[in-house]
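Just below sit the structures, each encoded as structure tokens.
Same chain, two partners: chain A is paired with chain B first, then with chain C.
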Partner chain A sequence: MNKLLIEFLSGYTATNQWAAILPEIMMGVLALCLLAAEMVLPKNRQAWVPRLAIWGQVLILMIAFGFVGRCSIGEFQYFSGLITQTDVTQIMRGFFLVSSIAVCYLGHIYLSKQTLPQTEFYALVLIISAGMMLLVQSTHFVMLFVALETVTVAFYVLVAYSRTSQFSLEAGLKYLILGALSSGILLFGIVLLYGIAGNPELLGASRDSLNYGELMNFVILNMNNMIVKIGALLVIAGVCFKIGAVPFQIWVPDVYQGAPTPVTAYLAVASKAAGFIVLIELVRGPFFGLQDFLVPVLSVIAAATILFGNIAAVAQRNVKRLMGLSGIAHAGYLLLGVIAVMRGVDWAVYAVIFYLVTYLLASFAVFGVMSIAAGEEDANQELDHYESFARKRPFLGGVLACGLGSLAGIPPLGGFIGKLFLFVAAFQAELYGLLIIAIVGVVISIYYYFGWIRECYFSSSSTAVVKDISCGATSSDRFLLGALTVASIVIGILPAALPIIR
Partner chain B sequence: MIDILFYVFAAITLTSALLMVVSPNAVNSAMCMIVAFVGTAALFVLLEAYFLAVLQVLVYAGAVMVLFLFIIMLLDVDKETNQILKDKLTLSASIAGFALLVVLICSAFAGGQHLPETSLMPVMENPTGEGIGIPFTTSAKSFGYSLFTKYMLPFQVTGFLLLAGMIGVIVVSKKHSANS
Partner chain C sequence: MTAAQSLLAVLITPLLSAALIAFFCRRLGTVASTISVLAAAGIFVFSLIAIRGAAGEDVSISWTWLRLGDFEVSMGFLFNGVSATMLTMVGFVGFLIHVFSLGYMAEDNARARFFGGLSIFMFSMLGIVLADNLIMIFVFWELVGFSSYMLIGHYLNTEEAAAASKKAFIVNRVGDFGFLIGIVYAYWHFGTTNLSEMHGIVAGNRELISACIAALLMCGFIGKSAQFPLHVWLPDAMAGPTPVSALIHAATMVAAGVYFLIRIQFLFPSEVLTFIAWLGTTVAVYAGFCAYGQNDIKKILAYSTLSQLGYMSAAFGLGFPGVALFHLITHAFFKALLFLAAGSVIHGCHHEQDIFKMGGLLKKMPITAITFLLGTLALCGVYGLAGFYSKDAILIAAGLQHSPIFILLTLGAFLTAGYMGRLFWIAFLGQPKSEAASHAKESPLTMLVPLIVLAVLSVAGGWIGFWPEQLGGLIRDNLEHLHHLPDYDTMHHRVLILGSAAWVLGLVLSLFFYRAGAKEDRLEQQAAPVYHFLKSRLWFDEIYGFYVAKIQQRFALFLSFIDVFIVKGIFVRGSAGIVGLVGMCSRSLHDGNIHSYVYWFLAGLVLLWAVASGLL
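Right, the complex of A and B next:
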């Protein structure tokens, strides 16, 4: 019996190839190393911690891209179906690494102005990054949920990180309660699907009914089953909460305002990106059979998201809330791409990723400027603080203008091409109604993005400056922000510079 | 024999659950909740779900209840605050509870008098297709096999999940010295 059992169990472990997730493991180890380094290093050497975090990630990025070179195209399943690596997940690996490097850098700027614990911030950012890499690779609901919870729990902490600030604590509490609620909804959906797909009375029932592939076969055979529909809807609702789509968007402005600026950037870019890739994998995988049911649902959500985000952002004076609300609108545009994928336009996946990359570049440029310009209490960043900002800080003003222009989708910048690809995908999927709404949304968004730029460049009252912008940019700040801006422009002019569109 | 035990434990669970709801003292109702949890664990044992029973006692009756008691002690919730709100809550809670009871009784007696015959099936299949597979049991061993073979990766990631939570508690609650 014993020998038989060992033989049997070794069947499972045969595909546990830990080398396949080397970058994730290294991120986890780096996070632990940082915590250890804080203990070991003497007090006057603590500045090494952020450097170790940033350069360690740069090294991991290089190693990870060595991976892409070796196994780029194709699907590889590991860990007996828990994880599937494709070219999309490899690109997203790089995406999350770049964004966590940028967040670490912004966090360094932010923490130098505050008296807060330092090392834990970087450790949590690294854990989140590794969690998101696993999240987009997971093709099994157990893996999905564990990775998602790791990311979410670490985000609860990061949002409430500035524990001396009332806004941050309030945001942390709101995010905790609503996030737990959404995890509950997601889990309930997963459990319903697990139960119904494991029912041996039904056609196509599976022994491993949490696996995407098995579930996909089951759902195609039972697409009119009520419980399957409810389960799928609940899972989609849980993911929609993470990306901030409309019925589940209430948390976005408050949390974005209260969270420390680097964390806001991380939430806006990486968390949203992970949510969208998961959504795409769900609608292409297990919920493939439910297209007729899910396309109208997601179309309504997308339309409402675009309109709500843009209209609510128009009257907004707090720049962090503005970024949050406009982030809702961006989620709406991205949903267009997801719906296009469901309608059979396969390359729309790459359009979504391209858009996410341009969004990353532009958002981090804007949030970087915000981190530098922020004072002691970074939740209260009003538009008025940016009065004649460009005259005082021409470089930062230029970066801000480029970033906002890219977010608005102005032609020579990356954001324009990103929107163009998404809209072409939507056009090919014959989503004409949604396309009109999206274009109306873009027009509205130009108004408020340019309101901010106008405040920077053309504000008339240079006499009554409400609050002086505290400190300038160092040369490394300039390098990072400049690189982001240049990348935005280069992608806008030469979209092929990004190895995504083939 | 098992039938008698079932009625005994079910009675204990229900009585203590009722006492928990009606008890005016928060600490008393927490104690009743522990008894209800232990009663549920005993019902799990009768269903031969030993592992679940152990978890029920360890996690709910142990960890979760300690947390509850801590919060009750710290917050000092005995003070009556808003009588109107409390009355409304009591009313809506009893309506909802009654509705649930009605639905449960209806579905138990009207709908499915004959539950389908259940049997334990081998749910673990070898992914390589060889061997016969071990039958699914409710013992801890069976969970352990899965946890340390197929679900090894999520199991490890859970470690990081707990680490993140622990770091969070320290960051949010610890006083940080201003000069670092």
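Right, the complex of A and C next:
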């Protein structure tokens, strides 16, 4: 009996290759090391914590890349099918590492203006990054849910991190309640799918029905089952909450405004990216058989998201809400890529990733400038604060203009090529109606992005009282922001510099 | 270094230099000029390495710039005999002009901007020389346009320079518009814009040659090479610093139009070729006449450039692209020499440009004067000098194929000798006629060395037998072909006699008519109507001015009325209003109340189900 059990268990653990998730483990260890370091280091050496966090991640990034270099790109399953590593998940590892490095840096800028505890911030950012890496690798609903909750719970804390700010607390509460609601909906969907797929009376029923592969076979055989449809829809709704797509976008402006700027950037870039990769894996995996059912739903969501995000952003004066609402619009463009994938344009996956990369570069540049320009309370930055900003801070103004230009999709910046790829993918998938809506959306977005740029460059500072916005940029700020901007431009001129599109 | 690497180095060196100057040396004139000159030398060295590396073979490399599924855009180099020849010329002449600028611009306050501009120009020009597809050519084509704009307007605070740079830019846009449509049409027609691929397609099926594409692409050439009717910008462009006139508006950029034609000559059907031949001939004669109405030393040379570009396009139109390239190269040598010598004169005479205020410069500036004379003789086509060989070949080609063109081009040769004689006799002989001229001093060594080197090339540049093996393959082929045409020998003798007669007559008659070191223009005194007719240059500027002011301006006002009242008033304001209204509504949706958010969330879910199940 004992022998049998051991054999049974070793059959399960045969694929437990812990080395495969070395970067994630190292991130967790680094997070714990930071907490330990805070206790060990004397008071006047606390500044080492952010440095340790940033340089530690740079090291992990290098190891992870060495890792990728060693193994051949392909599809590998580990942990009895809990996680699957593909070229996409490897790219996304790098993506999340870069964004958490940037968030740590922005957090360092932000925290230096606050009297808040420091170490936990970095530890949580690292945990989230590791969680998101696992999230995109998971091919099992249990793994998906655990990774998702790891990320989400850590985000609840980060959004409310600024305990002294009422905006931040309010945002944290809202994110908690709505996040819990969406998690509940997601879980409900998962349970429905699990239950129905485990029903031995149905064709293709499986004992491991939370596994993507098993579920995919089941769904293809039972695509007209009502409970399958409801379950899939609820799961999609839960993911749409994460990416901030209409009609689940309602939390975005408030939370983006209230959260500390680095956390907003993290939510806008990395959390959204993780949501999209999960969505693509779902529609290519378990929900593959439901295309006819899901394509119209996602098309309506995409159209509504693009129009709502752009139109709502036009009337916005608060820059963080503006970024939040325009972020909704970007989610809409990205949904075009997801729908194109469903319609059989396989390379659209890489178009989505390419767009996410350009979005990362441009967003962090803009959020970086916002962090530097912010005062102690950064929730109420208005467009008026940026009046003749470029004249006072030419470098930051230039970075901001490049970042916003890239978000608006102006050539020769990266955002233009990103949009071009997505739109060509949509064109090949014959989504002509959506394409027209997306182009209208882009035109509207140019209006408000350039409104901001105009505020920076061309506002007449006739009012002698120009509010001085905090201190200037240090040389390391300049390095980071300059690198982001240069990367945006280089990708715009030489898209092949980013070897993602294959 | 392989040929591909050195070609890349050729292109990157000037870009790097421009970037260094733009970012770090905006106020450091001396450093900037050193960097720029070193970059120019680097270009020349790398070109030689590339030519050695290629060893006479065609090198073609391309990188995928953009790939979307099955749609691909590539960038690359096509390095063959023609581009090797052009690259060597641009690299070498460019380097000499950079060196000359060291002396000429020594006193200028904005030297860094000037040398940065030269570097960016070299980058764009070399891009045109090497590019292997029409889109890439167009990008660099616009970049040379930009750098030309920037350098013509170097003396920003003079009204003339500002107007001239604007004019050059706008007139070029007219030609580029046709060029751009031509590229789109070519892509649509052939499915590619790659030069080698198009050549393959056309070689496979001659029927695919389209006169329309050729004519549209020719528009780009007309703008850039200042051919009729877009020639008006070139004389005005002389407002820029003289080295710029030598580099851009004589030796390289304006010749890029001809070079572009040679690169795509396989696309041209015979009717478009005939048109180009006539166009070139007309410009050659017209510009020759116009030069008599000018007193500014640089403007005379500018009209001479126009006229020589006419010769090149005539040669191309007659079906001898190699001969056109030959004239392009020799012209680059002697015209760069003439411009630089004129620059040396202007420098010596404290920026006096009127030839009737010079005089007696042969004694004051002997080296400049002698090199200028050599350039003049080469331009006139004196036997044995560079211009003789190339012009001779053009005249023979014309004589064998097209008598009217032959007669007009011979007349053009006579006119050339006449106006160049007028310029030389009046400016360099006799007595100084102004304060500035009497104090003229010989220029410093940095300016004289390039003059001497170019003078040697103006003499020896046409001896094609002595050219390195890898260069001028197409030229030799074309000349060979010409030599084996029937009646070649008779025509050769006739051209020798007529051509020599043209320059001898031109020089001698101008000496007797205008007199050495004359104070006033005798043509103006004796036949004022003729002089004023020539000076008016067929009133092209006036006609364009009238068109712009009276017709285009009124149309623009009308459009602006529509724009203000209908487009802005109704469409823009109206749609902005609607968008704003919707925006306000959607903002009120975000009222901050968590209860309503939760209800919205659930309502959204129901809505989604309604859509999914087809209820909505």
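In this text, the second predicted complex is superposed on the first by the 497 of 502 C-alpha atoms of A that agree within 3 Å, B and C clash if a C-alpha of one lies under 4 Å from a C-alpha of the other, contacts with A are read in each partner's own complex, and residues count from 1 in each chain.
The criterion applied here is as follows: a contact is a pair of C-beta atoms (placed from the backbone, for glycine too) under 8 Å apart; a residue touches a chain by one contact, two chains touch by 3 or more.
Only a predicted model underlies this, so the values are computations on that prediction, with no experimental measurement involved.
Q: Based on the superposed arrangement, let me know which partner A:Ala14 touches: chain B (first), chain C (second), both, or neither?
A: The answer is first: A:Ala14 touches chain B but not chain C.
Q: Just to be sure I read the superposition right, which of the two partners does A:Ile311 touch: chain B = first, chain C = second, or both, or neither?
A: A:Ile311: touches chain C, not chain B.
Q: Considering only the touch criterion stated at the top, classify A:Gly28 as touching first (chain B), second (chain C), both, or neither.
A: First partner only, chain B.
Q: Looking at A:Pro394 after the superposition, I want to know if it touches chain B, chain C, both of them or none. Which is it: first, second, both, neither?
A: In the superposed model, A:Pro394 contacts neither chain B nor chain C.
Q: Please indicate which partner A:Leu116 is in contact with in the superposed arrangement: first for chain B, second for chain C, both, or neither.
A: Touch status of A:Leu116: first partner only.
Q: Report for A:Leu494: first if it touches chain B alone, second if chain C alone, otherwise both or neither.
A: After superposing on A, A:Leu494 lies in contact with chain C but is clear of chain B.
Q: Under the stated touch criterion, which partner chain does A:Leu178 make contact with: chain B (first), chain C (second), both, or neither?
A: second
Q: Chain A residues touched by both chain B and chain C?
A: none
Q: Looking at the complex, which residues from chain C come into contact with chain A?
A: Residues of chain C touching chain A: 63-69, 71, 576, 579-580, 582-584, 586-587, 589-590, 592, 594, 597-598, 600-601, 603-605, 607-609, 611-613.
Q: For the complex, give me every residue of chain B touching chain A.
A: Those residues of chain B that touch chain A are 121, 123-128, 130-134, 145, 149-154, 157-158, 160-161, 163-165, 167-168, 170-172, 174, 176, 178, 180.
Q: Touching chain C in the complex: which residues of chain A?
A: Going through chain A, the ones touching chain C are 170, 173-174, 177-178, 181-182, 185, 229-230, 233-234, 237, 241, 246-248, 250-251, 253-254, 293-294, 296-297, 300-301, 308, 311-316, 345, 347, 417, 420-421, 424-425, 428, 444, 447, 494-496, 501.
Q: State the interface residues of chain A toward chain B in the complex, per the touch definition above.
A: The contact residues of chain A facing chain B are 4-5, 7-9, 11-16, 21, 28, 31, 35, 43, 46, 79-83, 115-118, 120, 123-124, 127, 130-131, 134, 142-143, 146-147, 149-150, 153-154, 156-157, 160-161, 163, 172, 200, 207-208.
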